[in-house]
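Shared chain: chain A. Partners: chain B in the first complex, chain C in the second.
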Partner chain A sequence: MWRRGFATVSQHQQKARYKPVIGLEVHVQLNTKTKLFSRCPTTDSSPNRRVLPFDMATPGTLPSLNSQCIHRALKMARLLNCHVSEWSRFDRKHYFYADMPAGYQITQNHHPIAKNGNFGFWVFDEHLDVPYWKEVQILQLQLEQDSGKTIHLPSTSSEEGPKSLIDYNRAGCALIEIVTSPCFETAIEAIRFVQTLRLLIIHHNLSNGELHKGHLRVDANVSLEKDTVPGTRTEIKNMNSIRTIHTAINFEIARQFEILNSNGTVQKETRAADQDGRTVSMREKDDVDTDYRFIVEPNLPKLRIKEEWLKKAEEEMKSAGKADFEYLRDVIGFDPRSSIHIAEDPDLLAFVKRCIRLRDSSVSAEEILYWMKQLKTTMQRSKCNYPPQSEFFALQFMTLLNLVRQRRLTHLRVLDLLRYYSTSSEGESEEAMTLEDVTEFVTKHKLWRIEDPREIERLVEDLMRKNEKLVEKARNGNSKSFNRLRNLINEATEKRIDMEELCEVMKRFLDQKSI
Partner chain B sequence: MNRLSRILWASTRRANHNGRSQRRTALEGDKFLVPDEPYNSKIDDSLLSKMPSIDSKLIANLERLSLVRFDSEQAVANLRNAIKVAKRLELVDTEGLEPMYTVWEDQECPTFDDIEEEPLPIEEVFRNAPVRFDDFFVTPPGNVPLESNERFDLNVINEWDTIGKPVAPQAKSTRLVEGKEK
Partner chain C sequence: MHRIESAIEKAVKFRSHGIFISETFELARRQARDAIEKGLNPFPVAVKDCFLTSTSTTCASQMLENYTPPMNATVVDRIVAKGGCIIGKTNLDEFCMGTSSALGHFGPVKSALSEATSDDWLIPGGSSGGSAVAVQTGIADLAVGSDTGGSTRNPAAFNGVFGFKPTYGVLSRSGLIPLVNSLDSPSIFATSAESCWKYLEMLSGIDAADSTSVNLPEIEGIKSIEGLKVGIPAEYNNECLSDDAWKLWNHAANILERQKAQIIPISLPTTKYSLACYSVLSAADIASNMARYDSVAYGHRSKMENSTYEMYASSRSESLNTVVRKRIFAGNYMLMKQYRELYLEKALKVRRKISNEIRDAFKKVDIIITPTATGTAPKYSELRDTLFTKEDDDDYFTQAANLAGIPAISVPIGKGCNGLPIGVQLMANKLQDKTLCNIAQLLYSRVL
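Let's look at the complex of A and B:
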């Protein structure tokens, strides 16, 4: 046991000498109606139904540029506080893949549409006591074409070798690539960046932002710096879920640490993340000398950014206002974690928005969060779907919050009412239709908290008299009996006495020698 | 026989066009701008930077990039010669000049509004596809690394310059072609 502890400590010291250095490339698929260089629709469809001659590189076809893509790139530049270049240019990056029919991708390498930006976000985690604000540098922002999709078929028989099936629907769709400087130090920072960016991209209608559909694809460059000496980096390609980004980066850090710690060398290579987030070496080993033969795209003249384009992008960004998570965080006062968490779940967001609309400004974000947590537990116990969808429930929820806040209802009573309302107010059952407002319900069933101390004393005294045996045991210091007595009184008074108050009164009575 | 036909051809030309070749300009009477005789470069090749030596790794790399297989020492030597001709551009003084990528640098980048056009009908999409599987194109698996065994006599290629012959000599040793003995 001692030895194991010692080994961990020494490895810990070793680890402390290495600092992970992570840079991200985020590919954002724009949600324009047409592709980047052709007026081909981008809607979902069966294979090869969204193709124009230019998209399959038919000789003689020429590109021209989708003005909406420029507009979205300018908005993205504004979002990431980038400097928009007066003019930008397109380059050809040569690959030989069947899903890239021209043999090259039109991208922006040397003169991108925008560069030198920065982006700030909150970093939070269970292991962090307090969230912290992090700013990352954005190196550049470029418009580029997407590739088609390939399905690899393994060899079916001895005569037939392996082959690939190609779908060009996605070929030529518009992407914006965001390149960050290698300034992330943990996987958590990286995923918080992607999560925050994603919500903003959706808010400003730049992309549909669905990771599992590939609207956002993330590559990460990972290396370990030892005593400020930079290490060899590997690139993890095409991660399309937040969880994969997190696990794959951590896996890669651990893998490189193992190699370096046993005096090995890290290979410069491209790696892919498998389903569990492990990184595995990808295709050719000769990554180091891959030559993309960049040339200036001769078919597209320089793109000069017009003043009115910038103005339009600026105005649209302003009128879009704050994103939901920013509103929750900055206006209502939710903590960074909760605001992102709520904004990422459409149902939860709808519920919270409904509550906020009905909110009395004295109710704080913490209170809402606390009761949401109680509600979640209650509903899960009774196997109901959390969060409730109806406007009616939201109103009852907020009314209850106000009432408990004003101490008109006890904590336990509110829990009971939450359970009752959440399980019966949803759906279109007869019960749901005939439910009355919670204030009426409480008045009708006389559930208000008993406020008069003399009344409480009278009730407690009365009930204690009826349970003399328990009282005797409790007086002798038996805590179980005390609790039983307390619960008994609680039930008998229909949870109308505040728990703290009840305990206090009970103790006072018990301290007196006899009742 | 060959000689006879050439004489015959030359005499016909002379007969038809009063000694001028059979070239035509867009408008009658315009001046011919392409000279009749090949122009011999006056560039002093000795001023050019040294040719890089070609090794098997470079050959493999070039083959991978171009997707073209060299079939002999002669082919590689021809490329070498082409590079040498291109190298003459090094002698042009471009100090302080922005490179141009088109002769019409001021033109606007053409743009279009984000309005859909009818995509190609599926039959049109597959019109030139030799193999089709359902609605997919079928291709061999991508990026199979090329093997780079020693197929050529590198000495023959690299010494060609110093030999100064117009045609690179064939390698004398038996060559391995695609891993098989020829």
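Let's look at the complex of A and C:
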């Protein structure tokens, strides 16, 4: 037993000596109307319906660069504070892959459109007490072609073997590859970077940013550094969900640690992440040491960036203003986690934006967050869809927030009203249509908080008199009875007395020997 | 219409010479009718089968034996719009690799200047052999060829016609199946330099589909040779040059001198490296350009398809000839990380040197005159017995113009003592295509 304990301690010390070093390559599919080098539309379609001769590498066809892709690349460069090269050019990267029709990918290896940038973002996590700001170095931005897709069909009968079908619709679509320096230390840092970046590229209309559609694909280089000595790195390819990036990087760190800790050596290799985020060796020919036999793409002249293009990109970035999460964080005062969390959920964001529009400036982000949490719990309990989508509800919600902070309604009363409004104001039922404004409703049903201390005393005294037995038990220190008594009074007064006040008055009465 | 019918008749008559890979007589007739309707004068055109036409395009390779392209090359569309009628797609060396037009998948092109047998024949030159013979036999008024290291000028010289390679970029490469992208130029065969210029005007102009295309500047051109500075590079008088070719080269210079041109001996010492430079650069581009023939979406598909890689390898091995495979192999070798600096980077430097040297020469002279080839066309048996090394000897004279991107034209200057044609090559500075054609025409008019 002590042996095991000892081993754990030493393992922990060992682990501390290894520092994960993570670098990312993020492939962003641009949302241009046409492909990178052909006039082929990029709209969704059935397989192989978005293919011009160039896209399927028809011999004799030539690339011609889409200026919209340059424009987006320049905006991306600005977003990532990169230095835009005066000129850049394209290279052919050779490897055989069935869904890459030319036998090479046109990319920018040696002279990318932009390089040497940096990007800052907040890192937050449930295991962190406070979020921290992290800045990462961007090594380069390169414009490149996407590949097609291969669909593998299993064998259908004994005569027919398995088949591979190829869809070239995606072949030749524009990607920007963002290469970071290996400056991430945890999987959390990596995913916060990707999440933040994603929201920004959507905001600036560079990409539709839909992860499940592969608009953002991430490769991660992972190694463990021991006492500043770099370790062998592996590359996890083609991850397209935040969860996969998180679990796969953590899995890979743990896997490499296990190997190193048992005196093994980490193989330099390409790995893929499976559904559960475990990394598995790809054992494919395009391994880390593949020689891509780069040559300059001879059919495209050098790309020289004009001053006016830079200006246009800059102006557009400026006029686009802050992204939603930045607005929530920097203007309204939401914490970094909530800002990202809200911005990532379109329904939630719509709700919050509505609330902010209707907000009295004295209502703080914390208050909104607090009541949103209450609302969520309430709605989930009554099996309703959170958040409510109507403008009407948002108005009632913000009115309630104001009323409770002005102490015109009690906390408990607000909870009840939230439940009532959230369950009956949504939809097109007759009830929803005839629902009045919450202020009117409160007045009509006389639900305002009782503010007059004498009236409170009178009501409490009266109700205590009617429940002498409970009063007696409570006076003898029975807290259950005290609570029952309190709840009873609460119900009887329709939750119109502030809970703290009520308790105080009750205690005062109980301390007196008799009523 | 009559001209088109007579072209078709001739094409049928010369079938045994292997000029065409595919005949498109009906298409030509339709194009002729369309042209007449539009008030244009139809004229017969032959197009090298490395330019895309939506009828079929093979590059003389089994790889593309059954290939139907989804589009036409820009030059094809442009010539048809001017009244050109495509009689057929002409035979060539497989994927333009060679200067004999002898080893293509669909059989050799045999020169029409002498009787051909099935065992031996007079080489028409190459790689645009079929196009040259189509003009020489009078089938076509214009034949479109391509020229990467001499593929138009060489067969033009061997067949006694004009072969004109314009400045790089003046003719769009869109739809030209590439050999070496930075050297390739669509080119023109015709029976006079004047026609060469006329056709160039019809075909040229910026093409959005080719980012390297350029506009020809409007220039006056010239009407007299008087005062023209003509450079004669000493290095082109090499050990491979035949007496016949040497004499006719001198003859051409003499004609120009008699017309009061100023003859200036110049030196182009790095030209002798053009062959080595070209071999490396071309192999690298070829390895890259040929990578698309993986038999997935089009092209010859082998029956061996147990794995994707096996399918690639066997489809390519089965359908590409040895010349092509050797160059792919060499190119991939020279592009490897450990060799690229040794070969590719060096070759690029040499190319710049050759190019600069020629550019410098044009500070002193208006035009450079050289032989087009070592001598007259060889027989197939000669080439075969010397393992095609003579092809390299001939390339020596023509490659530099491609490396420098300048216009060059081969002018039929006379005949060797065997009675076969010999050409001289004129080269001018970049974008001086009109001047070049003017001089070629003036020179030719004095030859007769």
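As a working rule, the second predicted complex is superposed on the first by the 493 of 515 C-alpha atoms of A that agree within 3 Å, B and C clash if a C-alpha of one lies under 4 Å from a C-alpha of the other, contacts with A are read in each partner's own complex, and residues count from 1 in each chain.
The criterion applied here is as follows: a contact is a pair of C-beta atoms (placed from the backbone, for glycine too) under 8 Å apart; a residue touches a chain by one contact, two chains touch by 3 or more.
Every value quoted in this text rests on a predicted model; they were computed, and no experiment measured them.
Once the complexes are laid over each other on chain A, chain B and chain C cannot both fit and instead clash.
In the superposed model, A:Ser67 lies in contact with chain B only, and not with chain C. When the two complexes are overlaid on their common chain A, residue A:Arg92 makes contact with chain C while staying clear of chain B. Contacts of A:Tyr104 after superposition: chain C is touched, whereas chain B is not reached. In the superposition on chain A, A:His152 contacts chain B only, with no contact to chain C. In the superposed pair of complexes, A:Met56 makes contact with chain B and with chain C alike.
Partner contacting the larger number of chain A residues, of chain B and chain C: B. By the touch criterion stated above, A:Ser46 is placed in contact with chain B alone, chain C being left untouched. When both complexes are overlaid on chain A, the residue A:Lys373 reaches neither chain B nor chain C.
When the two structures are aligned on the shared chain, A:Pro162 is found in touch with chain B, with no touch to chain C.
Shared interface residues of chain A, touching chain B in one complex and chain C in the other, are 53, 56, 64-65, 94, 96, 98, 164, 166, 168, 291, 293, 298, 300-301.
Contact residues of chain A toward chain B in the complex are 32-34, 38-41, 46-53, 56, 64-70, 89, 94, 96-98, 150-152, 161-168, 283-284, 286, 289, 291, 293, 296, 298, 300-304. Interface residues of chain C facing chain A in the complex, by the touch rule stated above, are 50-52, 57, 59, 64, 69-71, 73, 173-178, 181-182, 208-212, 284-285, 287-288, 290-294, 296-298, 308-309, 312, 332, 335-337, 340, 344. Chain B contributes residues 61, 65, 67, 101-102, 104-105, 107-117, 119-120, 122, 125-126, 133-143, 145 to its touches with chain A in the complex.
Residues 53, 56-65, 92, 94, 96, 98, 101-104, 164, 166, 168, 285, 291, 293-295, 298-301 of chain A are the ones that touch chain C when the two sit in their complex.
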